[in-house]
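What follows is a set of notes on a single structure, which appears directly below.
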C-alpha cells in the first residue's frame, strides 16, 4: 500500500512516443516494484526538466539536445534512461513541391519551432549541399508545422517528427518527403530520454523505474496489438484514430530496447557536435549528466 | 432578458456566419473546418468534451471570482493609499505585459501542478480590467459628494462603502464585463501551465495531433459557454445598478 | 507628471521587489534569475534586444492604434444600430474566447507571415476593452441630455459627436488604459503566430536555448516599455478629459 | 412661425415603477400666449412640461394634441429644472448647442448668442466651462440656450429660480421679448413672477391633481412691478396657494 | 452645542484657473444667530459658504476663524445649491446619510428622520429613489439631511428655491425650529424669505465684491408674513437689491 510516489513529467501531450511508459503503467510493472507513478503532460516541452531540477517532480521526459543545453546552463540534471534511441527530427517538404533535394531550398521559406537547436540542424544540412542558413527565409511557426506546410505558407519545415508529421500530411492527402537529419551530417542521438535530479541518483526508486520501463518496452515489442489496446485504454479513447495508429506503427522500431543502457562515446560525440555548433559552451564530464543507474 | 428563442436565432446566425467565412475564404478544412464536420466531431467526442468542460468551467468561474476579488482589492488599496498606488500600479501594468511561458514554471514551482496554478494564471489575466476600471471609476467620484461626506465627519470606510463604491459601480461593471469576456481565455491559458484536463488542454492536444475538427468542437463549446457566462454577468450587473436603468441611445 | 527622478525611484523599487521575490522564494536561477545576472545578459545582448524591441514597439503602437480604431468603431456601430448589436456583441465576446493557436494558422493563411498577421492578433486582444467600455459609457449617457437633443431637432450624428461621445470619454479612457496595458502582450502573442523578429520571438528563442537570463532581460525591457507606454497614454487621457480634473478620493 | 395651441384631454400618466399621476386631467393652453403653471411641489408641473415636449418617460392615457401640429423636430424648446449644460462645452458653446446639434451654426447665430450672453450679464464668461460658473450663471446659460431656439412652443421649468431680484427682472423682460408670439408655458413658484409674465395663470393642486384655479390677466407682459393687474391679483392668488388642499 | 462666531479677515480667493474672487473681504457672523446672504448671481455667496464649510477648491489669502473653533469633523452642516442626493439611496437613506457615514445610525435617529420627512410633506416617499422625485421633493430631502446634522454652524445655499409658497413657509418654520441656537448662514434670492428668517441680513455686491449693506432685524425668526419688521424693511431692501452697483 505504501508505494513510493513518483511524478513523471512528459515532454508533450500523450502520444505514441510515450508508449512504454503507459504499457508499464497499465500492466502494473511500476506498482509491482512499489512505485506509484503519476504521468503529467505539460504544454511547453522546456519546462519539465526545470521543474525536476527545482525538485517539483522526480523525473522528466526530455530531448538529448535540450538536456545537454540545460546541463550546460548549470541545471543539476542527469539522464537516467532512454525512451527513443534514434533521432525523429527531420526536414519535411511536400512530395509534390518540386523540392527533391535540399539544395532546392535555396530562396525558399523554412518554418521551425525551437530556436537554436533546429536552426543548427538546418544549418548543418544545408552545408552538406553548399548552402548557408542565409540562403533560406526562416520563420518561427511555433509548432504549427503541418498547417503552415499544407497551406503553402512555408516550403519546408525543420523539427517535424518522421513518425508523426509525415503521417499527418499523408492523411491530409498531401504526402511529404522527409530528409532525415542523421543522413545529412548530424551525428545520431537519442530523441527522447528520461532525466532526474542529480541529488536523487541514489534513490532506489529510479532504478526500479528504469527496470519497469524496460519490461514495458519488452512487452510492447512482443505484443504490439495488445499494447495498443492498453495505450488507448480507459480514459485515453480519444487517442484512437488513424494518425495515432500509423504513428504507433512507425514508432515501434525506434524505442530503446535497453532503456537503462548508455552509449558513452555516442553521447560524447553529440556533445562535441553541439559544442562545435556553439549550442553549448563546454563539455562537462559525462558522469555529471548521463549515467547508467546501478 | 434573452429568451430561449432569441438564443437559438443567434446561435443559428453565428453558425451561418461561420459557414459563410469558410465558403468565402475557401479555408481548407485542416485550418478552418465547417460547422458540419465539427458538429460530427462534437457528437463523437461528446462525453470527453463535457468532461474537459467541467474542469475549464470550474477554472473560469473560480478565476472570475478570485480575479474580481483581487481586482477590487487592488483598486481599493490604490484608492485608500495613494502612496502605495505609486508602487502598485506599475506592478499591475507589468503583470499584464508578462507572457505565459515566462511565468508558467514559476507558478508551478510555487503552486504545483494542481488547480491552484491554473487558477492563478487565469486570475492574472482576469483581474486587471476589474482593478483598472474600478479604480478609475472611484477616482471620478463627484467631488462635491466627497466634500459633503467630509463635512459630515464621515468615517473613511463609510465614505467608500456608501459613496465611492456605489458611484464607481457602473465603471466596475464595465470592467467586469471585459473580465468576463476574457475569463475563458484565462482558463485556457491557465491550462497551459501544465495540466491533464480542461478544454484548453484538450484543444492543444487536438491541435498537436491535427484533429482540427475536434479542436473546433471544443472551441465552439468554449464559445457557447463564454456567451452564457457573459450574458449572465451582463444581466446581473444591470440588476446591480438598479438606480440607472439602461436604455438605448437611439430609439429602438 | 511623472518626473525623471520619480521614474528612477520606481524602477529601483521594482528591481528591489524582484530581488526580494528571488530571495524570499528561493527560486532557482533557471526559473527566476535575479536582477544582476539579467542586467549582465541585457548588456551583453544590448543591440540584439534593441533590434527586436523595434519590431515589437511598432507592433504595439500599430496594434494599439488599429485596436482603438476598431474598438471605437464597434462600439459606435452597436450604439447606432441596436439591431446589429445583437449579432455583433456575441461575435465580439467569442473573439475573446478563442485561443491564439486556433487562430494562428487562419491568420497566416489570410495575411501571411508579415507584420499584418501579428498586428491583427494584437488588435484582437487590444480592441475589446475599448469597444466594451466605450459602448457601456455611451449607453449610460444622461437620458435628459438625449431628450434635450431630440427636442432640439438634432441630427443623430451630431448627438453622437457633441453629447454621447464626450459623455462616454471617461469610460473610453478607462477601457483604453486596459487596452494599453495589454498591448505588449498583444504584440508578443502576435509574434507567436509565426515570426522572425520581435521581443516575443526573441524570448521564445532564448527560452528554447535555455538562456533564461536573456529571456528575462527581454522581459524586463518589455516591461519598461509597457510602463512608458501606459503612463504616456494615461497622461494624454487625463488631458483629453479636460473638464474633469482628476483628484484623489482621499486627501494626499 | 405660427404658434400652436396645446390640448390635453383626460390625461393620466403611469410611470415605469407603476405609480400614477393625474387622473383624467384636461387643460387647454392658448396659442401665442404665456401660460404660467403654479402648484405645490411634486404636483406634476415638470412632468407636464416633459410630456408636452415629448421627453416624459411614462405611459400616457388620454390625448395630447397640438393645433396646428408642427413636426416634432421643430415643435418645442424645453428648459428643464436642471440646467443640463454640457460640462465639456464653454458657456458660449452651450448656448449655441441647438444650432450646433442641427448643424446650422453660422456667424450670425454666434453673434446673436454673444449679444444675449452680454445682455444676461455674463459678458466675459463666454469661454468659461460650466464647472467654473455659479448656479445662477448656469441657469442663465440654460435659459439663453432655450430662448435661442425660437420655437412655436416654449417650455420653461422654473427658469429664474436661482437668480437675484435684479437679474431675475432683467431676464424676465428678455424672455418676454424673445418669446413674443410663441406659446409659452412657464413653471414657477414665484407668484409675482407669474403675475408679471403670464397671460393666463393655471394653479394646479388637489388629489388627484387637477386645475384648482385659472386666471386670465389683462395687459401685455412683462408688467411693471407696480402694475394694477398685479396688485389686484396678488393677495387672492397667494391665498389660494397658501390654502391647504381639501 | 456651543455655536461659533465666524470671522473672515481680508479674504481673497484664487481659483485653480487663476481667476480671483473677493479682494480683502471682511465679514463677521454672529454666533447663534441666523445671517442671510443676499447678492447678485455670481457674486460669490456659494463660494463663501463652501469656504466656511471647507469644501472650496481654491486658494485662500487672508484669514478664516471660528470662535470657538470646534473640530472640523463636527463643525458645520452644509447644504449646497445642488441637492447632492445619492441616486442609489432611497429618500430616507439619503436623509439619514450623515449618521450612516459616521456609523452612528440607530432606531431613534431613523424614527426622527421619518417624522421630519412627514413634516416636510414627503410621507409615503421614504423608499422612493431620487430619480422618481420632483425637484422640490429632492430639495426638501437635501434640507432634511442637513437639518438632521445639528451642528454649531449650519450653512444653507438657497435651500427653499424650488418650493411653492406654502411648502416653503412650512419648511422655513421647520428650519428655524431645528436650527435654534446654531449659527446659521443662509443664502437666498428671496427678500421676503430673508426678512422672515434672518437676525441679520448681509447684502453683497460691487466690484470687487464687498458688503454693500448690513441690516439687523428685531424679533425672533421666523416672522409672520405681516410682521411690521418685514413691512418696514421690505421696500428699502428691494431697492438696494434692484439698484445697479456703481
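We call the chains A, B, C, D and E, going by the order they appear; numbering starts again at 1 in every chain.
Just so it is clear, a contact is a pair of C-beta atoms (placed from the backbone, for glycine too) under 8 Å apart; a residue touches a chain by one contact, two chains touch by 3 or more.
For each chain, UniProt lists the protein as follows: B, C = Putative hydroxymethylpyrimidine transport system permease protein; D, E = Putative hydroxymethylpyrimidine transport system ATP-binding protein.
A quick note: this is a predicted structure, and the numbers were derived from the prediction, not measured.
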Inset, instruction - Chains touching subunit A and subunit B alike, please list them. - result: C
Inset, instruction - Based on which chains touch which, give the shortest step count from subunit D to subunit E. - result: 1
Inset, instruction - Enumerate, in label order, the chains that touch subunit A and subunit C alike. - result: B
Legend entry - Intercentroid distance (Cα basis), subunit D paired with subunit A, Å: 84
Inset, instruction - Report the inter-chain centroid distance for subunit C and subunit E in whole angstrom, where each centroid is the mean of the CA atoms. - result: 49
Inset, instruction - Scan subunit E for residues touching two or more other chains and write them down. - result: 82
Inset, instruction - Give me the residues of subunit C that touch two or more other chains. - result: 27, 31, 101, 105, 109, 143, 159, 204, 207, 244
Legend entry - Touching two or more other chains - residues of subunit A: 46, 50, 54, 143, 147, 151
Inset, instruction - Could you list each pair of chains that touch one another? - result: A-B, A-C, B-C, B-E, C-D, D-E
Legend entry - Contacting residues of subunit B [partner subunit C, same complex]: 6, 10, 13-14, 17, 25, 27, 31-32, 79-83, 86-87, 90-94, 96-99, 101-102, 105-106, 109-110, 128-129, 132-133, 136-141, 143, 146, 156, 159-160, 164, 170-171, 173-175, 177-178, 181-182, 184-185, 188-189, 200, 203-204, 207, 215-216, 219, 222-223, 226-227, 230, 244, 246-250, 252
Legend entry - Contact set on subunit A toward subunit C in their complex: 46, 50, 53-54, 66, 69-70, 72-75, 109, 111, 114-117, 137-144, 147-148, 151, 153, 279
Legend entry - Complex interface listing, subunit D residues touching subunit E: 15, 17, 19, 38-42, 44, 46-47, 81-82, 121, 132-137, 139-140, 157-158, 161-169, 189, 191, 238, 241-242, 244
Legend entry - Of all residues in subunit E, those that touch subunit B in their complex: 50, 53-55, 57, 73-74, 76-78, 80, 82, 84, 86-89, 97-98, 100-103, 129, 131, 149
Legend entry - Residues of subunit A that touch subunit B when the two form their complex: 7, 9, 12-15, 40-44, 46-47, 50-51, 54, 56, 143, 146-147, 150-151, 168, 171-172, 237-238, 241, 243-244
